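First comes the structure, then the notes that go with it.
Going by the order they are written in, the chains are A, B and C; count residues from 1 in each one.
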Amino acid sequence: MTATFTAAGLAQRFGLDVVGDGDVAVDGVATLATARPGQLGFLANPRYRNQLATTQASIVVMRADDASDAPMTALVARDPYAAFARIAALFEPVAEQPAGIHPCAVIAADAVIDPSAHIGPFVSIGARSHVGAGAVIGPGCVIGDDCVVGAGSELVARVTLVTRVRLGQRVRIHPGAVLGADGFGLAMAEGRWLKVPQLGGVRIGDDCEIGANTCIDRGALEDTVLEEDVRLDNQIQVGHNVHIGAHTAMAGCAAVAGSAKIGRYCLIGGAAGVLGHLEITDQVMVTAMSLVTHSIREPGEYSSGTPLMDNRSWRKSAARFKQLDKLFRGMRGGEKEST
Amino acid sequence: MTATFTAAGLAQRFGLDVVGDGDVAVDGVATLATARPGQLGFLANPRYRNQLATTQASIVVMRADDASDAPMTALVARDPYAAFARIAALFEPVAEQPAGIHPCAVIAADAVIDPSAHIGPFVSIGARSHVGAGAVIGPGCVIGDDCVVGAGSELVARVTLVTRVRLGQRVRIHPGAVLGADGFGLAMAEGRWLKVPQLGGVRIGDDCEIGANTCIDRGALEDTVLEEDVRLDNQIQVGHNVHIGAHTAMAGCAAVAGSAKIGRYCLIGGAAGVLGHLEITDQVMVTAMSLVTHSIREPGEYSSGTPLMDNRSWRKSAARFKQLDKLFRGMRGGEKEST
Amino acid sequence: MTATFTAAGLAQRFGLDVVGDGDVAVDGVATLATARPGQLGFLANPRYRNQLATTQASIVVMRADDASDAPMTALVARDPYAAFARIAALFEPVAEQPAGIHPCAVIAADAVIDPSAHIGPFVSIGARSHVGAGAVIGPGCVIGDDCVVGAGSELVARVTLVTRVRLGQRVRIHPGAVLGADGFGLAMAEGRWLKVPQLGGVRIGDDCEIGANTCIDRGALEDTVLEEDVRLDNQIQVGHNVHIGAHTAMAGCAAVAGSAKIGRYCLIGGAAGVLGHLEITDQVMVTAMSLVTHSIREPGEYSSGTPLMDNRSWRKSAARFKQLDKLFRGMRGGEKEST
């Protein structure tokens, strides 16, 4: 039942070169440190090069310059990690999701479900919503009114699309994610909060991935938008009217406030924050737990925060932080006096 | 099927003044920048005043002093944003939620459901719980034992009220929110954690709104309390025994540790934190990602953190932060020497 | 129906000493400040010692040196908080969860459910998964393929175990938690993200507790691991391949990036972050909202961040933070000149 692949077969399938015995076969993948004979590993980070001598992996994916003296069969790739990712996919167990609607699902009369889609148990789908060809709606998902799930998309389980959420093709959404909830729009009127109706929707481009328990609110007047191939990790918060450019990736617990606009090919670190109504250009990297408080117009890496210290030392620096302005002004005073 | 409203009609309904042609009608709302003829926009922020000249909106809500030379029909309001919020609500599509219990719901024998309430599919409701008149319990919600959902409240979908959660009237809770889970109470005993029972509940006042995937734990001995009209955005964490005063609003990803007490009319920024057992007085604003480490006794705005910098410059400042105390002490030494 | 316990009875059951009238009985627990006659309180924090004179509690758990002049019956414990936790558990209402599978549950033909387990409504359980003796699977839980729920474990409600998640015994998981979702593994290839298959699983040790809406991703090649008695609060994010040592506790909204290794008996504060691939030794405490940016090899307390200030003062210090390096270099220049 376990699939087996030879080095030569893998080379042909993925356009790689073999250095060594092409008939060697593997039935699984592993790290160099833990691989047993019959498994395939990879060497991407030069830091692990010394593991080549000790690993038991039968095949290792690596760059050309590492392959000459490799003690096992090498598969040569320009980008070993990407090649490894493609090979590893061969060994991923994929549960069969038969076409059709589970009897324990509740579908609005005017919803349109492609016959090749899979609708799991305890799913409810609202009025005028569409589920495309080959889409998979896992157990416990709730799809509200006026939503679209594009062909080949998958809602793993317990995903909620509240209303007016349109997913492109091959979008993958992990459990607990909530798309299309009311944006946080409030006006203070006579001492009480007045709710501002959220009339927009959410548009998610092709090939996006949305992590577990991540939230993407729908827009107030226009849509909240993710362009294609955006990758969001778990527990991310995306406010209403946010626009995220194609190929941008955000790590877990990041938060983007309303109406911010993030460019293409950006990398937003874990638990980083972006204030509302800002603009971040393409190819910006924000390090973990940094707060973006103004628009960023130049590509590059940006940070805020202070370094980790033992608590006793940190308390001293933190106390001094409060006195910084006094210090600077004192010094200038001193400078003035001396001139 | 689309509703249409004249300027004169809107003025009468919401107590506004018309400047210009009162017979002009609109069938939707939009921003000034994107409105097409037949839509209504608003001008609240003076920054956008120049859009009055170019917008295609047929009616614009604005302040009196902007209305004199407006090129379209103006609806004059003291607070244009609040007036706009009320008008926009006329155009919000509201799905009908028929009274009654969906056949795919599981209700405890001794739960009491008002006949005018809507209970959606895949809902379970526990022992001794009550659902009030006109309440809406959306698909996939779980209501445990001894809970109360007040009249007119709405649990949009997949909301969990674990146990002893009492909601006031017109409370609105978004998908994935969890109220009444065990507070995080632990005692270390003989090298292992001992769970401290969480015997309290959660009380939510009238007109509160709770965002998607937000958590509010139940109290250890007393209740966790939100007074009326508290507004919580998505992904917020509220620990056990916290007390939040009326009309306070908290932005996404904020976190409040156990037994903290937050006053009325506070604004807590996104991803801001409040340590446990602190007290924050009324009308305090905490900026995004700040950490409240001591009680706040004076109204005002509070912050922590460092500004965003390019990573190279930030690394230098961050390294210097660690040396701050040495610097200050060296300077004082120098001062002493010079005196 | 309310249980009543005498001081003498509690002393015998939990190995405590009575000072005062052992026949005094209580039917509930409370804080010293709110207790009414007939309730039991506790004094652990010396700060509250003055409440002994005013409390109406009929029995108070305390240390020996507080008991001599206590005006009520004292139960003497070396660790009053732990003793109180054990006593309070007597008053915790526990809903009966009958053995058996609810008719509204969907169980794979080859899943194995112990006859003494409780499976609630709207639960789905996938292929080859096992649920052990006395386990409780609350309403709306989704258990995917190849999962194990150990004996006596409880999934309160709406918990998701995606795939290859193995729970030990007496594990308790709160609503909305997601274990075993895809780790965030991506490779950039020809300008697009390529998904790296996540072939590992999640292993949770005995007696762990996982908070509401917390996420623990499954490993890329190996498993993500929590050793025994790990306690995670709500809204925590644990990346793929993370390893958390026994008896470590993490407060709400903390986040641990992929492949980090945290030791035993650590305390990670609320909203604190740990970068990927780091190692933290045993008995490390990280204060709230600190970011761990390098491995920690010595036990102790660690922090980052700046103190809370009024916004006006903070703006000045923050502006100076950006000039720190210039300041230091200027001073060294000065020093050089003067030598």
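Annotations for the structure displayed:
Going forward, a residue touches a chain if its C-beta (ideal position, glycine included) is under 8 Å from a C-beta of that chain, and two chains touch if they have at least 3 such contacts.
Every value quoted in this text rests on a predicted model; they were computed, and no experiment measured them.
Here chain A and chain B face each other with different sets of residues for the most part; under half of the interface numbers are shared between them. In the Cα superposition of chain B onto chain C, the rotation angle, rounded to steps of 5, is 120 degrees.
Averaging Cα coordinates per chain places chain A and chain B 26 Å apart. Taken residue by residue, chain B touches two or more other chains at 104, 122, 140, 158, 176, 213, 235, 253, 271, 305-307, 309, 319, 321, 323-324, 327, whereas all remaining positions touch fewer. Those residues of chain A that touch chain B in the shared complex are 104, 106, 122, 124, 126-127, 140, 142, 144-146, 158, 160, 162-163, 176, 178, 181-182, 184-189, 191-197, 199, 213, 215, 217, 221-222, 235, 237, 239, 253, 255, 257, 271, 273, 275, 285, 287, 290-294, 296, 300-307, 309, 313, 316-317, 319-321, 323-324, 327.
Remark: chain B residues 29-31, 34, 79, 81-82, 84-86, 88-89, 91-93, 95, 102, 104, 120-122, 138-140, 156-158, 174-176, 207, 209, 211-213, 229, 231, 233-235, 247, 249, 251-253, 270-271, 288-289, 305-312, 314-315, 318-319, 321-325, 327-328, 331 touch chain A in the complex.
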